[in-house]
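Just so it is clear, A, B, C, D and E label the chains in written order, and each chain counts residues from 1 on its own.
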């Protein structure tokens, strides 16, 4: 019964998250640019309607099926990733023993979706964007896996529900602060944002989106926002104790924490510079991977000594 | 538990995919079909000679090969994480050894310069 | 869903994989055939594990090893393809036999 | 009903416009898009309005036509202080300093259906006839031959870097790509995202922006930072430049501070785009240093505007990755770029290249064939 | 027929059909991702067989591997997007026969054999089992897998990197013809009236031996001596550093 409840709540959660993310996306850049803050709910809706109108666009001989499937797959992956997140004690859409493995599968399939999106266009700029993203998306996944495994150690389980319960004594952000930061980076990479936006950047005139318009662009935009929401909820669950918290009901706590991570991610996307892809690849393999590794060792040692 | 979880995930996947499909394929209000000049790939004004699909020269291909071998270690690490607390020091040592072996591969790859754009 | 039905699906996958591995001219497509065969093997292993072995942990370990074999096969296979292409600019199996220099 | 609501909402959205910028209008176009009622489209496909700013060079006319036709319906063109290219029926022009109102009006009229979407200018023909030809009616022949679906396929060529002879993709980039200076058109041969050869087709259009210490630096930063993913900071710089030009004082320390924390300098690889012993990073540092000067005067232009030794943009780009190449191109101001991009006769070009190949051979020993093939 | 059986049937159909389509599609990217679809369906079946971890991990790992496979397919296959339909097969009939025989033989074996029945206890903690097995009795297998993966990593790097320990691996490369001794495949054919001496190499590339015999000394010199020996040290040195010195040298001389 609680599962049915979770399945009903999830679309609403995702929808609310997408709206919030879209509003933040319009509010945060002016804030960073030092202009007056004009947050409005109407803005994103008008932009969405504007995108919904008009032709979709195509090139001479694109891989039409893949081009249609890529944003749909991306959006679906965001929803599946969110399905392992418990909204309240026992309220989870997909209570799997291997929840974080399912999350990992969503991450790796996201790389496939983004690649497919750029490849299908049969146009040089999207193509470069697609290949660039693979170079970063693949190793970035390794980081998140190490971090999630370190989170699974104290829980003695791969289920996300158990990981939340294991944080009753201490949140995982305290156990592995660097892991939290690494996971935020992964969030940026999954939702193609700011310093990790290697698929749709300005220097490729929009990268994988350079050839699309209309409904295709709208879907891709929604999928990116959905993935952002999904990553935020996952971060809040794995590192910030999910629904745990005093006084307020669990669901409210989850929403508050997810919102907080959302703000951090949108902000980080605006204020940090993007490295060229080759340097980013180097950085991930040679600095961030050893760091995630150290975090894992630290959690292991802590559990051995005091666990 | 596994079957219910799978069912939940599949239901969510189906719903999400349906919503995305409806948005993607919704009628746009513009019935005109695309013309040939409209379909020229965007290059800022120029027109390309050839198709963009090509034997694309990936600049990080050694990295991907190292990656698929290294990434296999995850398969072993997930079950390890579940029993880590139970097994304690032994688990730590065995996984330490395993990862140390694989790290040699990364260090070797780094020395050969495979993390650069080739 | 029974062991027999699972194994028949597995053998169908192995059959298609064998066809691919034998018929394809290019290395990479040939490897796809191999992967598909391993895919069938994986399904068969887990089928046995689930229906006949009472969930003995060795069955799962074997499945993981099958996957590791796939990974190794791909890594080394693609490295070989790269090396051969670099030498001969060829990606087909015939070009190795017909070029004697 | 639903469509009507959608239209009303869409009409209230900011108008997505793609600027095709001509001579002398770059700064004005930059300032224009600081307005919240407009969205600067990165790609023509995202735009509903093609904004042609400033006079169009004779040579760019075809590119404007092609851009126009690539736009999706409903679409419109606005000629802002510009000379409409022939073939455009009933062109909408605007000679005011601030065309936002005109753009908005056109946008709303388009959305509401009061204004018809502009028809194609170019004939509705594929680049090469293909229908019904070839083995499967797809226009191709055999494995790689023919023109399947209208275009041939790329062919293999030697590579500068790692010796894998894979396909070389040659295409003209520009003159109105958002990340290249307006007017610059390069024929680039890519393998993957590494530039094998670049050939100058058209230099950037002259901008006649007088050197003005801080303002110049701020404008340059405003154009450079989006490449690093710092769009919001770029807006801050451009806004500061506009305020300064208008004589309003502005707090510059904050910009420096933000840029420091963004890691922008660390994100620029050192050693690329070497001209006169300064690389891209040094040039960006120079802009940052210029923020400290008094708003006008200060350092005179000589440091950046002196006649350069015979360096050529196409040489700087050779062997660079796409991301580095874009950084290099945007690290020069327009005048410097024009001096780096001399238009040469075809013969001189080929010869010069052959000579340099010889030099390169000695140091690096990388293949020569790449140009051989593209030079023809 | 219950819901479980129906799901199983659908997933099996997806696995088999997409497995077959892999060899029937022209686009290499589509082929790779069809194989991924087949793997995903098999992963979901495995998930239904009470092995949640192995099932999901199959999807996870295969998504990554098929992504890499797509990269390499596109990199090395002629006509990677299948713009010209093609059939690159040999001994097709024999292969079809072998496939069918394998399928029928295995199926017959399956149908005639009596398998013991000992299903997994639904309450069994299979992931924990696996972990204990790995760290306990099968520790050696686990560590051996580590060594094997290391060997694969090293092997892959050695083979794919530009220069091995034994010098450049691409010396004297030339494309093969589509038919034996034919023009190099998929390569831009240069007109013999090249513009400069540096065209020589390309125009003769169809006949390597002849070129070595009559040999344009300049072009050969570039390729064999100046080119190859110049390459070796530059592999180790930082790329941008190498290019930097190159650019400044060029400026100085020109």
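The criterion applied here is as follows: contacts are C-beta pairs under 8 Å (C-beta built on N, C-alpha and C of every residue); 3 or more make two chains touch, one makes a residue touch a chain.
Values in this document were obtained by computation on a predicted structure and should not be read as measured data.
Trainee: Which chains are shared contacts of chain A and chain C?
Mentor: B, D, E
Trainee: Any chance you could name the chains that touch chain A and chain E both?
Mentor: Output, common partners of chain A and chain E: B, D.
Trainee: Compared with chain C, which chain's mean CA position is the farthest off?
Mentor: D
Trainee: Central chain, going by Cα centroids?
Mentor: B
Trainee: Rounded to the nearest whole Å, what is the centre-to-centre distance of chain B and chain D, using the mean of the C-alpha atoms as each centre?
Mentor: 31
Trainee: Between chain C and chain E, what is the separation of their C-alpha centroids in Å?
Mentor: 12
Trainee: Go ahead and note the Å separation of the Cα centroids belonging to chain C and chain D.
Mentor: Each chain's C-alpha centroid was found; their separation is 47 Å.
Trainee: In chain D, what residues contact two or more other chains?
Mentor: Residues 6, 43, 45, 72-74, 126-127, 148-151, 153, 156, 161-166, 169, 171, 177-178, 192-193, 269, 321 of chain D touch two or more partner chains.
Trainee: In chain B, which residues are in touch with two or more of the other chains?
Mentor: Touching at least two other chains: 2, 5-6, 29-30, 32, 34, 36, 38, 40, 42-44, 48, 51-59, 61-62, 64-72, 74-76, 78, 81-84, 86, 106, 116-118.
Trainee: Please list all residues of chain A that touch 2 or more other chains.
Mentor: Within chain A, the residues that touch at least two other chains are 52-57, 60-61, 96-98, 101-102, 104, 119, 122, 124-125, 131, 134, 138, 141, 158, 205, 210-211, 214, 277-278.
Trainee: Which chains touch, pair by pair?
Mentor: A-B, A-D, A-E, B-C, B-D, B-E, C-D, C-E, D-E
Trainee: Where on chain D is chain A touching in the complex?
Mentor: For this pair, the touching residues of chain D are 6-7, 9-10, 12-14, 16, 36, 42-43, 45-46, 48, 72-74, 111, 126-127, 148-151, 169, 171, 177-179, 190, 192-193, 226-233, 235-236, 239, 254, 258, 261-264, 266-267, 269, 321-324, 326-327.
Trainee: Where on chain D does chain C make contact in their complex?
Mentor: Answer in residue numbers: 156, 163-165.
Trainee: So in the complex, the part of chain E that touches chain A is made up of which residues?
Mentor: 27, 29-30, 33, 36, 52-53, 56-57, 59-60, 63-64, 66-68, 70-71, 81, 83, 126-127
Trainee: Of all residues in chain E, which touch chain C in the complex?
Mentor: Per the touch definition, chain E meets chain C at residues 4-5, 8, 12, 15-16, 19-20, 22-23, 28, 31-32, 35, 38-39, 42, 45-46, 48-51, 53-55, 57-58, 61-62, 65, 68-69, 72-73, 76-78, 88-92, 94-96, 98-100, 102-104, 106-107, 110-111, 115-121, 124, 126, 129-130, 132-134, 138, 141-142, 145, 148-149, 151-153, 155-160, 162, 169-170, 173-176, 180, 184-185.
Trainee: Which residues of chain A touch chain E in their complex?
Mentor: 61, 63, 66, 96-98, 101-102, 104-105, 108-109, 111-112, 115-116, 119, 122, 131, 134, 138, 141, 158
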